[in-house]
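Some structures to go through are shown next.
Here chain A shows up in two complexes: once beside chain B, once beside chain C.
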Partner chain A sequence: MKAFRKYWTILRISLQNAFVYRSNVLGGLVFFLIFMFVFFNLWRAIYQSGEVAGYSLVQMVWYLCMTELIMFGCRTGIFSQMNEDVKSGSIAYQLNRPYHYVWYQFFNALGGMVFNLLIYGLMAVIMAMIMVGPIPGFNFATLPLSLISMMLAMFINFFFLMALGLTAFRLEENTAFYLIYQKLVFMLGMFIPVEFLPGWLQAITRYLPFPYMTWAPARLIVAFSWELFWSVVPVQLLWFGLSVILSMAIYRHGVAGIQAHGG
Partner chain B sequence: MSAIHVENLSKVYRTRIKEEGLKASFKALFKPVYKEVQAVDDISFTVEQGEILAFIGPNGAGKSTTIKMLTGILHPTSGRISVLGLDPAEERKKLSYRIGTVFGQKSQLWFHLPPIDSFVLLGAIYDVDKKTLNKRISELTELFELGDILQTPVRKLSLGQRIRCEVAASLLHEPDILFLDEPTIGLDVVVKQSIRQLILRMNRERGTTIFLTSHDAGDVEQICKRAVVIDQGRIILDQPIKNLKYHYLNRKIIAVRFEYPQHLEVPEGVKLEKSTDISARLSVDTRICTIDSAMRWLIAQGGVADITVENPPMEEIIASIFRHKEGRIQ
Partner chain C sequence: MKNVKAIFRLIGLYFRLNLSSAMEYRGSFLLQAFGMALSNGSFVFFWWIAFQQIKGTIGGYDFRDVMFIWAAASSAYGASHILFANMNAITRLIATGELDTFLVQPKDTLINLLCARTSLSAWGDLAYGFILMALTHGRDAAAWGMFLLAIVIGGLLMTAISVSAHTFTFYFGDASLVGNMAMEFTINFCIYPEGIYRGFVRVVMLSLIPTSFIVHIPLKLARNFSPLWLVILLAVSALYCCLAYCFFYRGLKRYESGNLIITRM
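Our next item is the complex of A and B:
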């Protein structure tokens, strides 16, 4: 009960903070808009007619809106924040508190994620409606299920980012991990659906976490099927668990040898 | 029981050396070269419950490293620490309920939210129940005169107001020991004074043990009964503040500028350290000549345009500690 109150309060305050600290939202919205507009035109040019690998133009645009939404939703700056906290020494305030640091960071970011999801979600839906209109045959009854998958996708991405960020406890320079990670997320599901990848790459990608951060929920939204749901959500749960365990392990290893800078 | 007990504590940092040039950078990629820095070097001391201890030294002496080890953030390279009977590195979480920390140069408050929100969050983190928390907040509001600023976003507070909130924030869970790392850094004289008063009151009214680091001799003089002086990771002095004051904090520096050229004949206890026609830097031995009489004498010279009175910098105090020690050995 006490633990519940603790983490709930963290979530509440961080959500409050997200609403007060709005200045970075506007920039994000503009960026989102430009990004969607450019890719909408690109896809429209590619799609002269019909379907590509099982996606119509309408589905493709919605797909992109959803993967973008997930990525923007996760924009809590967890990676750079951790780096900065270690380098500036602010980490000293966060470590000697009676909570689990990893869960603290999670609930702290969750406020921002909920806020982002509301703002960018609205934006994504409006833009997709304007550009291509509704998805033919969309069933609202299955939306909550797709949203569960979307939530899991965000959590997986968040915990992998946190795991990368936590390496700052031991390493002076870890930005390279982040850049590589970002590119992989972009190529393996965010920018193009997994079905578009060459067969050999698809086969490898199936065993990586990346498609489960973007492709799985976006595909569920644009073409829901129970078969797909049961084949991706358990895998998402597995990756979620693994990403949490990875973060915890890196945290435990890192905190024992942390080099706190900044006087 | 003593509040803090430290035995033969050492901390060695390992940092990577980066040589200049592309070739060296490339080599470092495969075979990094490390340099070891001894931040804290075999120190031992004890702090009794209810004591106010000043831990002083110049920048980079190892003060913050020591505080971080005492609070469990850094793990010592060797030696033993006991804080309230706990081992900070092993029992960090348990210890965290019983200690409070303030790092003068960092903030624990949410920058965009009013301090009250941070207080509520900290209350939840430390499992303080709502009723007790509200009571604590109103007590601290009164003691620290927080009034209106409790509802003002932190980014709009002055540094002095913010530090008052920072100190209050670290007292919400009624810690037995309060660690203050440079709490008065960057504050003006008046605010410094009020923070010092608050710390003293906390100690008197609640019996909170206070461990304070500072490179400001003023902090130490006024609130501490005992001082440990640390330089390059080693303790060079551990004495009651009375001794320190008499032997090493007995000087003030007066810088003065005149409107027209002056020739100064200094009285006893005053030393002319540097001078030009129209300015001078004087060192006053307050055991012989009080600041009051030194100022009277200066004003009597006529034509004073500007005066500042300062404590000698920490580095000078340390140099005189070393001189004193050597003098005794010879």
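Our next item is the complex of A and C:
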């Protein structure tokens, strides 16, 4: 309970910081608008020929708004923060503090994620309503369940990014991994729903974490079904657990090799 | 004429200096260039999926057309950022007073500051365009000719757009958001078919952010050559670059030095 209170305080402070420094989000909102405007134009042109892979244009625009929202919501800079902490050695100053470094980083970023979700979420809904109007047959009662899936998606992405950042303990240059990871997230769910992929690739993709970071929650928002919910949320929980374990393992392995020489 | 020669000599000197400095860190240089080429390459996958789904054209472009604009945009971006990487840092240089260093040197201020930095990952962008062209256009001489022209014109126009946007710092204070937005619009207008945009956006693409002249008109010329459109392309590009150059110097008159002491190593 005491441990939880400690992390709750970290979360509270990070949330307060996010609201105090709210102007930082202005640049992000502008780019969010640009991306959505470009994608709306692109998909409108693609949909000249009608429905594609079971998605209507309305569903597709909402789908993209939701996947962009998740990606912008995850803009916590955790990868560069990990890189910076490890490469500059400043991580050494945090080892003797009364918290676990990995959990501290998570709760410290969580406030920003919640804030981003609110601000970008509002923007995403306004944009989608202006561009294509409401989702036909949308049921508000299932929205909390879709939001749970969305939060899980953001947590999975966060911990995988943290694990990638922590590889700086052993690798001098890890940016290439980040670029590859980012493109896999983009192509396996963010820009293209899994249903659009060729059959053989869909089969492989379902065993990877990437679609559970964007496709799963976005699909739940645009076409909720209990069958889909029960097929994706347990898998998301599994990937969440695995991503946490991976981050912890890389962190422990890295910290074991740290040599501090005062200073 | 003498001035133009001096400008080209300065660009050449900076290029050699920046390249030799990059070569000191070969590993990082190659990794960044490779990472960028790989990153760009993933978008081929997106377009492949999109064209598989609709089996037709998107915004009037087929798969090869989209690959042409991608190749031209990527290489033009790469060339401009290899030679003029400081285009994205103009606001910072003005706001921090670092511009003073360039003002006291006996060279063209704008060219001097633009060339002072290079981007290592831009080599990946430049190489990616050539690879994509080789894979999708083979020995199509007309396409290669227009692609090479698009690299030169596109590189200069992208730099001019960025310079114009950052020059607003002289007038209204920090214009980094305007500069970043201008570059983001430039890239996004270049890498998607022109036909997906309508009305006002199309007007912007032909005037304020002239992305039609960077990739879309070169594509049209590669498919159906027209001497008139080639002349228009060259004339408009030259005019836009001249206007951006003049706009910067007009803004520079408003600059007030903060007497910052800097050492350039």
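For this structure, a couple of remarks:
Operating definition for what follows: the second predicted complex is superposed on the first by the 255 of 263 C-alpha atoms of A that agree within 3 Å, B and C clash if a C-alpha of one lies under 4 Å from a C-alpha of the other, contacts with A are read in each partner's own complex, and residues count from 1 in each chain.
Just so it is clear, a contact is a pair of C-beta atoms (placed from the backbone, for glycine too) under 8 Å apart; a residue touches a chain by one contact, two chains touch by 3 or more.
These figures come from a predicted structure and were not determined experimentally.
On the shared subunit chain A, the superposed partners chain B and chain C are arranged side by side without overlap.
Once the two complexes are overlaid on the shared chain, A:P98 sits against chain B while remaining clear of chain C. Once the two complexes are overlaid on the shared chain, A:Q16 sits against chain B while remaining clear of chain C. Shared-chain residue A:K6: touches chain B; no touch with chain C.
Rounded to the nearest 10, the angle at the Cα centre of chain A between the centres of chain B and chain C is 80 degrees. In the superposition on chain A, contact of A:G89 is made with chain B only, not with chain C. In the superposed pair of complexes, A:A141 makes contact with neither chain B nor chain C.
Residue contacts after overlaying the shared chain place A:P198 against chain C, while chain B stays out of touching range.
When the two complexes are overlaid on their common chain A, residue A:R44 makes contact with chain C while staying clear of chain B.
Minimum C-alpha separation, chain B to chain C, in the superposed model: 5 Å. Overlap of the chain B and chain C interfaces on chain A: none, as no residue is touched by both. Interface residues of chain A, counted against chain C in their complex, comprise 26-27, 30-31, 34-35, 38, 41-42, 44-46, 49, 52-53, 173, 175-176, 179-180, 182-183, 186-187, 191-192, 196-198. Looking at the complex, you find that chain B touches chain A at residues 13-16, 59-60, 64, 68, 71-75, 92-93, 95-97, 99, 101, 103, 105-108, 110, 112-113, 117-118, 120-121, 124-127, 153.
The touching residues of chain A, when paired with chain B in their complex, are 2, 5-6, 8-10, 13, 16-17, 20-21, 88-93, 95-99, 172, 256-260, 262-263.
Interface residues of chain C facing chain A in the complex, by the touch rule stated above, are 27-28, 31-32, 34-36, 38-39, 42, 45-46, 49-50, 52-54, 56, 58-59, 177, 180-181, 184-185, 188, 192-193, 195-198, 201.
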